[in-house]
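Submitted below is the structure of interest, expressed as structure tokens.
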Amino acid sequence: MIANIAVYRDGAKLKVEAQPDDLEANYKAVKAGQTGDFVSVGLHEPDADEMDRVAKTFGLHRLAVEDALHPVQRPKLEKYGDMVFLVVRTLWYVEESDTVDSGQIALFLGHDYVVTVRQGAEFELATVRERLEGQTDVLKQGPAAVVYAVTDRIVDIYEEVGGHLEDDVDDVKAQVFAPGRSNASKQIYELKNEVATMARAIKPLRDPMQQFAKADIDGVTKDAAPFFRDVADHLTRVNEKIDALDNLLSSAFNANLSRIGVQQNDDMRRMSAWAAIAAAITVLAGIYGMNFTNMPELQWRFGYLVCLLVMTGASVVLYLKFKKSGWL
Amino acid sequence: MIANIAVYRDGAKLKVEAQPDDLEANYKAVKAGQTGDFVSVGLHEPDADEMDRVAKTFGLHRLAVEDALHPVQRPKLEKYGDMVFLVVRTLWYVEESDTVDSGQIALFLGHDYVVTVRQGAEFELATVRERLEGQTDVLKQGPAAVVYAVTDRIVDIYEEVGGHLEDDVDDVKAQVFAPGRSNASKQIYELKNEVATMARAIKPLRDPMQQFAKADIDGVTKDAAPFFRDVADHLTRVNEKIDALDNLLSSAFNANLSRIGVQQNDDMRRMSAWAAIAAAITVLAGIYGMNFTNMPELQWRFGYLVCLLVMTGASVVLYLKFKKSGWL
Amino acid sequence: MIANIAVYRDGAKLKVEAQPDDLEANYKAVKAGQTGDFVSVGLHEPDADEMDRVAKTFGLHRLAVEDALHPVQRPKLEKYGDMVFLVVRTLWYVEESDTVDSGQIALFLGHDYVVTVRQGAEFELATVRERLEGQTDVLKQGPAAVVYAVTDRIVDIYEEVGGHLEDDVDDVKAQVFAPGRSNASKQIYELKNEVATMARAIKPLRDPMQQFAKADIDGVTKDAAPFFRDVADHLTRVNEKIDALDNLLSSAFNANLSRIGVQQNDDMRRMSAWAAIAAAITVLAGIYGMNFTNMPELQWRFGYLVCLLVMTGASVVLYLKFKKSGWL
Amino acid sequence: MIANIAVYRDGAKLKVEAQPDDLEANYKAVKAGQTGDFVSVGLHEPDADEMDRVAKTFGLHRLAVEDALHPVQRPKLEKYGDMVFLVVRTLWYVEESDTVDSGQIALFLGHDYVVTVRQGAEFELATVRERLEGQTDVLKQGPAAVVYAVTDRIVDIYEEVGGHLEDDVDDVKAQVFAPGRSNASKQIYELKNEVATMARAIKPLRDPMQQFAKADIDGVTKDAAPFFRDVADHLTRVNEKIDALDNLLSSAFNANLSRIGVQQNDDMRRMSAWAAIAAAITVLAGIYGMNFTNMPELQWRFGYLVCLLVMTGASVVLYLKFKKSGWL
Amino acid sequence: MIANIAVYRDGAKLKVEAQPDDLEANYKAVKAGQTGDFVSVGLHEPDADEMDRVAKTFGLHRLAVEDALHPVQRPKLEKYGDMVFLVVRTLWYVEESDTVDSGQIALFLGHDYVVTVRQGAEFELATVRERLEGQTDVLKQGPAAVVYAVTDRIVDIYEEVGGHLEDDVDDVKAQVFAPGRSNASKQIYELKNEVATMARAIKPLRDPMQQFAKADIDGVTKDAAPFFRDVADHLTRVNEKIDALDNLLSSAFNANLSRIGVQQNDDMRRMSAWAAIAAAITVLAGIYGMNFTNMPELQWRFGYLVCLLVMTGASVVLYLKFKKSGWL
């Protein structure tokens, strides 16, 4: 679906005569216009025909087009002649399942056009566009401005998702060190997996963003570079956070193992303490259950009572002793 | 065995007068033809004589020929004068044993010839060739087109095998977190080994593919480079997946250890609970087994009945208590 | 808040006619003065208006200004035209909670001005300034001298905080190897987290400091470089200490796990020893509780006494034996 | 001991007038001969005098000579003016103790001489020399041919030793996953040590071999380079195998720990099952050991028999239940 | 304390008219002498005044002087104009506590002077100097010769200390795999710490020594380089040993954990075996302690005897069975 076509000049949207959804006519207007004019085309999960039409209009390379249509690419930056092709991954956090899901945005960047192909829901390019149209100084930078706007928003979302994962790691930590009995290893395992998924989306993007930040890319001016440097910087920050979370999760595995061992020990000691109390009574009962003819205590009037008292006393003494030493 | 000989011109198969299996005549036709003509020779587990004949025809280096005949090489790219020698490993997943098996394809790439020497079954070069002959734009790139077709197919297979391993890791995960009793450490160990085997086939290939992707190789044109970049890109992707699987397996080891500890604790608590119930009865029986003369309860008419009821009652109370606290 | 404005010439404070808090007038005095004069402006958590005024006066870049106002940046060095922008993180150790807290100082470095924007409490720029004004040879180096003075002090504080963490690691170690019963895994986990927090503040600063140390930065002279090299050197040292602490904490996790296992074993053996003593008495009592008609011992006059003595004797022997073998 | 002196010209051994063991005379013959003639001298654990004589003849550097005499060097490549000095380590597998032992070969490579100094037994330079004299195309490459022959053989031996270690790792794996009771941690520890020993001999050699492979060394021609590349390639292969073994051993440690936990659990459950059976009988016996006056069952004619049957029945039922649930 | 002042010319000590402890006069003699003359000054824990005098005489940089006085620097190489400043750490093994202690030597290297400032005991510069004065070929290399002599000796000591740690690791290994009961985790932890301390002294020195070895330093001639390469080489060797020790210690942690698990299991099985024997007797005694009227065995003449024999027999049979299966 062609979601949007717009022509920009000098940092502002240009009214052109072409129909708003007539791709070729809009691009013709740009070519006939001033230097610096460019058209921005936004596609959302286009079918093969739409993509084909766009590819023909701007002369996009077959392999890049294929990548844009298959939403399983890793982030990358490729140059095809004058055209720059950037793939980034969108991420979003699914509250229901505490998992991280991902989509893809492919950007084709020429000197007078920029095409965005989005795969997967959950990323509002429209609001990104609106915000960009309010920043004249950015929009003046030409088609690269659209790349900036998209990656800036994506990295913001990375930080949000990273925040969610941070919360989940805190939950796991709380669980590992909570007094109750539980085994957090499944949560830790799943979180490690989520963190790894996120890392796979983020890490390969660092290099491309660095190239933009250094203005190593055609169409990125010295003035535009600081904006990309800002994005690259945030990317590094979220990346460091992700690495830190992964390390914390490894520590959590260790702590969880310790906890299980301690739990086992606690339970064993509690059980042993009760067993000791029972054993004390049993030993006494065993002794007075013996059949010796000459056992004076047995004939005592209050022998039984005394015996019961001794049993109770021993139990209480043991109980208190175990309580004090922490076994109970 | 010489599996196939074909001469190509301008992206299409060329009918030459030479017999289809006459190596020297076919190559003579190429030499007598236009610039850009090339012969593609496919060998499958050739014997020394066949290999020798091919080596003489194209002037292949002794060491490269030896490597092509011994199917235990690691992936590599070597230059012998004008000739480029590439070794890649084929992989396939053996369903019966859940293991990864591997073979080898060696490619000799000259400016007017390309020789493929396959060792090991399970890789259909014929279908690769057919597919390639349908892609004129690729085939036009000369002998390198055959390298592209082979490596493209191989990396596709890597992704398939990676998918199988991913399924196996999911199985292991399910086993580790399943409620039943089991020790998944053997499966984790074996899978780690399979993943490592696969990594050894894949990782050393990245560098050679990058060189092709950068057109650093004689005979690879700027137009051909994007195709190799596509292969290199998929290779990186499958490589990242493999690394992720290895990390997950390490986590699975940790989770498995936790699980064993938890299992131990669960069993111990269950056992302790039953022991406690038996102990309660035994203590009571012990007391009324004592031989004191003066034990009024013993003379009570329903003393025994009451005692049995108390025993039953204590057991039920303990049972319910343990049930509630999760020990049973 | 504008905390301080001062104009320096030739390594000493210059009396200017401008009001001490009149930013623009002070800067005008610098511009009208000699080459090498510079103004140093110190801000503490400025509001948007103050920051705006400063930004306009010195022509600071919008993105850098934003970063200075948001105290969550990672340490970095960025060049905006002639201006150099440095972000460093302040750290301090909170005794009450044994945690590491952090703030931020952003420095804007021009050829005739230096602006420091501090976020967060706990760092006394005033004393840094006083100390700097006493070091003429440093202050002569121009605005970079302020950068040196700030980073030098910050790295000193890093070493102090590192010392605190080192003490905490020693405490944890003492706890892990102390004879009493305890599980240090929570402390280890928390400390790992603190160490990681500190590492995130320190590691990214190494690169910027290296650039200052190599005089790769406009406004840093060859004479100033050794001072920054000194700072970079201390930074490396504290960084190595941090890495060492992290490794020690990993070892502590391992040792803690061993300890828990050993504790479990000790407790089980103690419990088993007592159980064995009880069992010995119970066995004997059981035997003489049997109802055989013909059990001569039962009729013996001192049978009961002998039996009690045997029971006591067996208990003492067992007790001593277990004591000797370390089970009790 | 001077084990061998030989003069080569054009890929073949040259008959010279000098005595076969007269070092100086042989070298004089080379100097008086054609360009490309060279003398190869083989020493086995020479004493200081022999080494001194050789050093004087060829003008070897004092430090290199010292290294050749002390068989504890790490592999390295050093240039002393025109002379190239290479140290490699020989390895061999000692069947009796399942350990890897090591010696050293030092090579002095000049443009018209090559000196080999071997320390330690177990490496037959003689057979290497014979094989080399049969390969005219290699021997033509001058003194470097001897370096190739030695390193080629050494790397072959590395692969053999690696194969032995691989077998040992397989044994350990079999032990870890065998049904019987055993603790493989000692074997794993020892094997890790052996693998590390081997890695220390192999890893530092990769760089030197790469330099030979790139013909970065005086006296190594473009034609000789592919031979060294072949050696370097095998070295990389055996290095990767060694790394893989080390990783497997780490996994084996993990699996061993799991196994011990599982074993503990199995034993505990078996013991608990038998305890439960004994407890069932004891409870019953305890009840009928009570002394209540009114216990009708005690008077029954077959009360005792029924009681015994119930005891047996309960035991059988419990036994079968535990058998079924895998506790016995 | 100024420990020594000496003037050297052409590889030998020069008699000068100046008093042996008159720093300035000695240096004047060097300046008035031939090119290549140099003065060597050795200080041991100088006070501020002495250091100040030396600094003034040779024009040493304030920051370098400060570092020389504070013995907590990490090894480093710094250039201040013509002067080269090297800091190395001395190590020694304290037998009493099995720990590694460390001091510092700072070297100021000019074209006609070299100043050594030692902090900490336990390093005999005097013997180093004597040995150096015996090696004319080394001493001829100028002031760098002193650097060589000091670093050569220091690295020798590193190897000795490394040997001590290796012995300690062997002790720990013996303890982990010894039959007795012990928990080596404290020793492993401490040793890991010692190894890390040593690594922190050694690793940062590699880079400086490589620069000397490549004659990248003013005052180090091509002829002197091999000597430094020798030192750098030994440093690499001791560094590899240290890394290997650290890895072994990690394995020892793993093996120790396994051992504790196995120990636990052994103890549990032994205890269970004895419990089983006691249970067998108790069950029997319980049965014959029942009060059924009709229990024929009780009336048998030798019932009691038979019963005792059965009890003994069962115990012996169980004992032997447990012995055979390794539980006892």
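For clarity, chains are labelled A, B, C, D and E in written order, and residue numbers in each chain start from 1.
As a convention for this text, a contact is a pair of C-beta atoms (placed from the backbone, for glycine too) under 8 Å apart; a residue touches a chain by one contact, two chains touch by 3 or more.
This structure is a prediction, so every number in the text was calculated from the model and none was measured.
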Whole-Å gap between the CA centroids of chain B and chain E: 42
Centre distance in Å when chain D and chain E are each reduced to the mean of their C-alpha atoms: 26
Junction residues of chain A - those touching two or more other chains: 257, 261, 264, 268, 275, 282, 286, 289-291, 295
Touch-based graph of the chains, sorted into line, ring, star, complete or other: ring
Starting from chain C, with chain E taken as the next chain, the full ring order: C, E, D, B, A
Residues on chain A engaged by chain C in the complex (per definition of touch): 173, 176-177, 226-227, 229-230, 233, 236-237, 240, 244, 247-248, 251-252, 254-255, 257-259, 261-262, 264-265, 268-269, 272, 275-276, 279-280, 282-283, 286-287, 289-295, 326
Complex interface listing, chain D residues touching chain E: 61, 63, 67, 72-74, 76, 78, 80, 181, 183, 185-186, 188-189, 192-193, 196, 200, 204, 253, 256-257, 260-261, 263-264, 267-268, 271, 274-275, 278, 281-282, 285-286, 288-291, 295, 297-304, 307-308, 311
